[in-house]
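Presented below is the structure to which this report refers.
Chain IDs A, B, C and D follow the sequence of writing; residue 1 opens each chain.
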Amino acid sequence: MSTSEQTDEAEKSIDEERTFGEYGGQYVPEALMPAVLELEDAYERYVLENEDGFVDEFRERLREFGGRPTPLQRADRLSERYDRDIYLKREDLVHGGAHKLNNALGQVLLAKYMGKERIIAETGAGQHGTATAMAAAHLEMPCEIYMGRTDVNRQRPNVYRMRMNGAEVNPVEAGRGTLKEAINETMRDWATTVETTHYVIGSIVGPHPFPKMVRDFQAVISEEAREQIRSQAGRLPDAVVACAGGGSNTMGAFHAFVPDDSVDLVAVEAGGSSLEIDVEAGVAPNSATLSTGTDGVLHGAMTKLLQSEDGQIMESHSVSAGLDYAGVGPELAHLVETGRVTPVTVDDEDALEAFHRLSRLEGIIPALESSHALGYLERAHEELGDLVVVNVSGRGDKDLETVLEETETRDLEAAPDVEVFDS
Amino acid sequence: MSTSEQTDEAEKSIDEERTFGEYGGQYVPEALMPAVLELEDAYERYVLENEDGFVDEFRERLREFGGRPTPLQRADRLSERYDRDIYLKREDLVHGGAHKLNNALGQVLLAKYMGKERIIAETGAGQHGTATAMAAAHLEMPCEIYMGRTDVNRQRPNVYRMRMNGAEVNPVEAGRGTLKEAINETMRDWATTVETTHYVIGSIVGPHPFPKMVRDFQAVISEEAREQIRSQAGRLPDAVVACAGGGSNTMGAFHAFVPDDSVDLVAVEAGGSSLEIDVEAGVAPNSATLSTGTDGVLHGAMTKLLQSEDGQIMESHSVSAGLDYAGVGPELAHLVETGRVTPVTVDDEDALEAFHRLSRLEGIIPALESSHALGYLERAHEELGDLVVVNVSGRGDKDLETVLEETETRDLEAAPDVEVFDS
Amino acid sequence: MRADGNGDERGSTDSDVEAAIRENHPALITYVCAGDPSLEATKEYVEALDRGGADLIELGLPFSEPIAEGPTIQASINRALAAGTTPEGFFELVDRLETDAPLLVMTYYNMVLQYGPAADVRPFVERAAEVGLSGIIVPDLPAEEADPLRDACDAHGLDLVFIVAPTTEGDRLEAIMSQASGFVYVQARLGTTGARADVSSATHDGLARLAAYDDIPRAVGFGVSEGDHAAEIVEAGADGVIVGSALVDIVAEHGADGDAPAADALEAKARELKDGAVRGDADGDRAPEPEHP
Amino acid sequence: MRADGNGDERGSTDSDVEAAIRENHPALITYVCAGDPSLEATKEYVEALDRGGADLIELGLPFSEPIAEGPTIQASINRALAAGTTPEGFFELVDRLETDAPLLVMTYYNMVLQYGPAADVRPFVERAAEVGLSGIIVPDLPAEEADPLRDACDAHGLDLVFIVAPTTEGDRLEAIMSQASGFVYVQARLGTTGARADVSSATHDGLARLAAYDDIPRAVGFGVSEGDHAAEIVEAGADGVIVGSALVDIVAEHGADGDAPAADALEAKARELKDGAVRGDADGDRAPEPEHP
């Protein structure tokens, strides 16, 4: 994204491609196409060309409302443990507790510039929904969030937060009542209200220009981190490690480093309980789309998917709700295809260990999503060079109940005993 | 506090007074006196004189680990509502979700400089306990937290967080099992282990040097805010408003402004359900120590207290656990006595309204403690001048359950309907 | 098959689909989802619709993420998937079907892509042609992304039917119309499929916008549920009406076993709709001025 | 009353407290909390202790935040407060008590401050003198903060007893000793009050550190619960032993009504302790070298 200060030619050139190699595109119902094209136009004008000072306002709001820049912190005890320099990009300190606000704030602001009157968004565990509700309240935009019934009932605190920020929460009764159904339903709302409404997609997925636009809003992560590591460690890192669900924190953490060939980019997917697919049940007990998926079209884009041979989308699974998605951003699919990004997986158990490890060693309770990136560090730090940046995409307060339940049924080395209750 | 950069004479002069006017002092058991004096010495050397670069390390850790500086954000919709410029100091964005870390990090680091081997702390709702546990994990210090049994059982998420950060949590069975008992018990531990252990007090209370030292660690709030408001609004504010429990966020937000006579300093106490004392039950249904308390000695200092005629300390009450304390920092008592600080109260109901109002209008869910400061703004903004800074001492995620329960039994204007569950 | 731009009149296309509409004008186009409640039942239902007067039959191949459908058709798709409906089962059903009305498959793009070993539309189109399907409708495939599928359809003589939405205007409308074949699916209102109690005003606007393109039949869908709606729509100038949810409601009512009364009810409903359409045709004319400006 | 520095030998002080210890050497000093379970019961208990051989009696005036007490005395204080014990009730009880042993009040500083209309220690001290108390012990009042109370005590002829802890050393020890009166309370171990099974090694260290200050009696408390402890402590050179929790345990055992058996048990316990102290005195000498270096 160009800022008013950075008038670099390469950056200012408008990127009109709707695809990343063979991935991406705009596979949406005809009724949505005009809105998608209108958004494309707005993206090019406001986000790429800073028309009306959009980018300046966005950056300022990210700073004042969102709490940016976030620190790049050297993790002393992890560095000692792994005998190399580990730096954590602290997206857990963004307002709302995750990188999600970077995107939500950008899109809601853009919707305002576009003259839209209403915001809708899907949410799974509620992170994107709460970020969107916060941004909408901040910018005085009516907001409705679609959330699967199952998720509504199991993520009450996030539902409360959205309601408190003035958003409507619409439970989606269809299917299993989780993220996939919520996205479908948000698309249906959008198909009905497209003239007045902007759909704030929560990751680098969906039809063009969403994947590029969301990436550009999240790119602030790597723009900051790249400057910070150069000033704090004196050089570029050997590797950047980030978890990948849809992939927004991932591309956010990678984007500025993509041209730096010496920097390995590692996308850590949720290995769930197994990488084997349960064909009978149509269930993938993981969300390892980049590592195990096949090409197909979902939610507006050609990308890698967890799907059956027939083309039915599978239920995915991960202990971390935010990674639990059967698709992935088309740009990541492309960068994996070209070899620039290395996809790896970390399973539920190793992510839980990493959650406890960071909490105990560094006094930072990471999101379960981010714990996947940290779990990879534990396993493969020797392959990552001497200077590694890990993106801590969010904080783990939202995950306490899940972690407790999941910890109880396992024998985790790093977990504390929590028997201090009752009597 | 002096920094390595600021070598201003006035700031560097060592403050050897143990009292603030008639308040303060060192009313502790003889066994603790040597530790208190040792701490006094360490405070003077490390904190006031930056010996061994203590202050520099503290500031750097506050930045990288704690996420400082926090923004000073213009609240657009509040400004519109109140027809004046309202700025929010965003302590809710500090790691852990409240200003509490500023102090916890400072004290744990100081304990390390002093060669202590172990950290203890009291906690009520768990905010100071979690901040201390985080700081102790970060600095690799064994840590035990005392917490009343009642609080342990009703603040489970915070207990989990402390355990996950590797702290022991010791439930205190005595009395009603809340903050007062936890402090008493921590003092008892300290009286036993004083040679190796540092007691991290959670507010500007306790014997000298705690009130000054905690204030100095928290003063970063007003040091930042003062610079920020001058650069963002071009001048000093007309008033700074902060809630007051023990008073650490309060003095943190006031300290740098104390010499600025044009700046009104307003300490907002918890009015609870009533300012009338229930003499029979020995209960004050409020925590309005500065407004209604009388002079006495509690937990090591002469200060204002909620106490019976006989001198028994009363149970205090507030919907916000963090304000629920029968004492207050001696420095605040003094500044109220001299007229520099104006004490006011906001009751439970107005604080709840303010909680919902900020959530809905600004997309920031404030701590219930901070909601008291915001409630005062609603009531008395006309008396506060044209440019007002409100300290948002923490985020409200920890308060969701309480707010829901308390909202259900009331008819609050600003509250959302939360009936989206079940089916 | 699409007019190939060599100057042939569209009227002289060799499209079964277009012919079925023109020859049976005003046409009834019906939709049910294959495999709900079973492929056997679907066979009976389709044949019943054919008897009842359907001139063209869209048969849904169920996809797990039907983003363009309302609750009725979503539920039908879910039942079909739960019953184990596969693309190959679908094609075999089509192969066995004996109807006067030509058949189109309606499905989502990923289903088209995945039929072969790699993500490629050709195996699907080839198989569709082989079992005698006349065309394809893909609600999540806008004209901009349609090149590969259109090429494959052209190669196998299948129509690729495009949807024109209330939001489709100007250059895009022109672009779509230039590659439309079989008929144009006029979406009567924004939103998703689903039976409604009235005819949308957007119907009239939509037909008006298409008035200039009278070399291809225009059929209106989304919300049509009664004979009177059909009459009103045809009266407003449509060449046909498309009915889905109202029929799926009947399928749903009759439950899991797919019984004879369900087939009878479908046949009767088709007749009501076809009668309505014919009634509308007697009352209206074929290229009206917009009634709701 | 404190030696006034005019050259009088401490031996010739007019302090009841000091006299009670010196004249009954080795002395037994007992503590119970007034009002647990009732002021009436306390009266009986104190008189029983007096009969059993207590040479000096500390009577607790309960305060809601007893930070220097362990669980036993905390509970006793809570029972006394729940029973409605007030400072005035306390003073009236003292007024009515008939004991050979002088009485001291043991309470926290806030209780002392609040007795009058404003925060001021003088009314409390005045009233204490009036009802015949001989001294005051305030566990949360270190020497550094003691000026106002010491002045008031001096004015009314009361002793202000200071505690010397295991951590008290050097200049501070000197400063405390220079203002001690009545006796020095030697805290036998770090931590809070509470009966223990053995005598702390810090006891010996503490007495050794005080060896030079033999112009004022030294009594050892914190953890003393048996006659044998008393013997050991006196043998190590103490002038007296202070026992609280072990007596409060007896009070607690006998429950809410304060019965005659409780008084008997207290009297017996006092006798055991006094006998122990006397036994220790026969075995030891008064200013030993430390046994545990």
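Keep in mind that, in the parts below, a residue touches a chain if its C-beta (ideal position, glycine included) is under 8 Å from a C-beta of that chain, and two chains touch if they have at least 3 such contacts.
Not measured: the values here are computed from a predicted model.
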Among all chains, whose Cα centre is located farthest from the one for chain B?
C
Please tell me the distance, in whole Å, between the geometric centres of chain A and chain B computed from their C-alpha atoms.
34
Where the centres are mean C-alpha positions, what is the separation of chain A from chain D, in Å?
67
Rounded to the nearest Å, the gap separating the Cα centres of chain C and chain D is 98
Residues of chain A whose C-beta touches two or more other chains:
none
Scan chain C for residues touching two or more other chains and write them down.
none
What pattern do the touching chains form: line, ring, star, complete or other?
line
Strictly by the criterion at the top, what is the full list of touching chain pairs?
A-B, A-C, B-D
What residues on chain A touch chain C, complex-wise?
25-35, 37, 174-175, 180, 184, 187-188, 191-195, 294-300, 302, 305, 307, 309-313
Could you pull out which chain A residues touch chain B in their complex?
63-65, 67, 70-74, 77, 90, 92-93, 95, 97, 133-140, 149, 152-153, 156-157, 159-161, 163-166, 169, 171, 173, 356, 359-365, 397, 400, 403-404, 416-418, 420-423
Chain B-touching residues of chain D, taken from the complex the two chains share
63-68, 70-71, 74, 78, 81, 86-87, 108-111, 113-115, 118-119, 139-145, 162-169, 172, 176, 187, 190-192
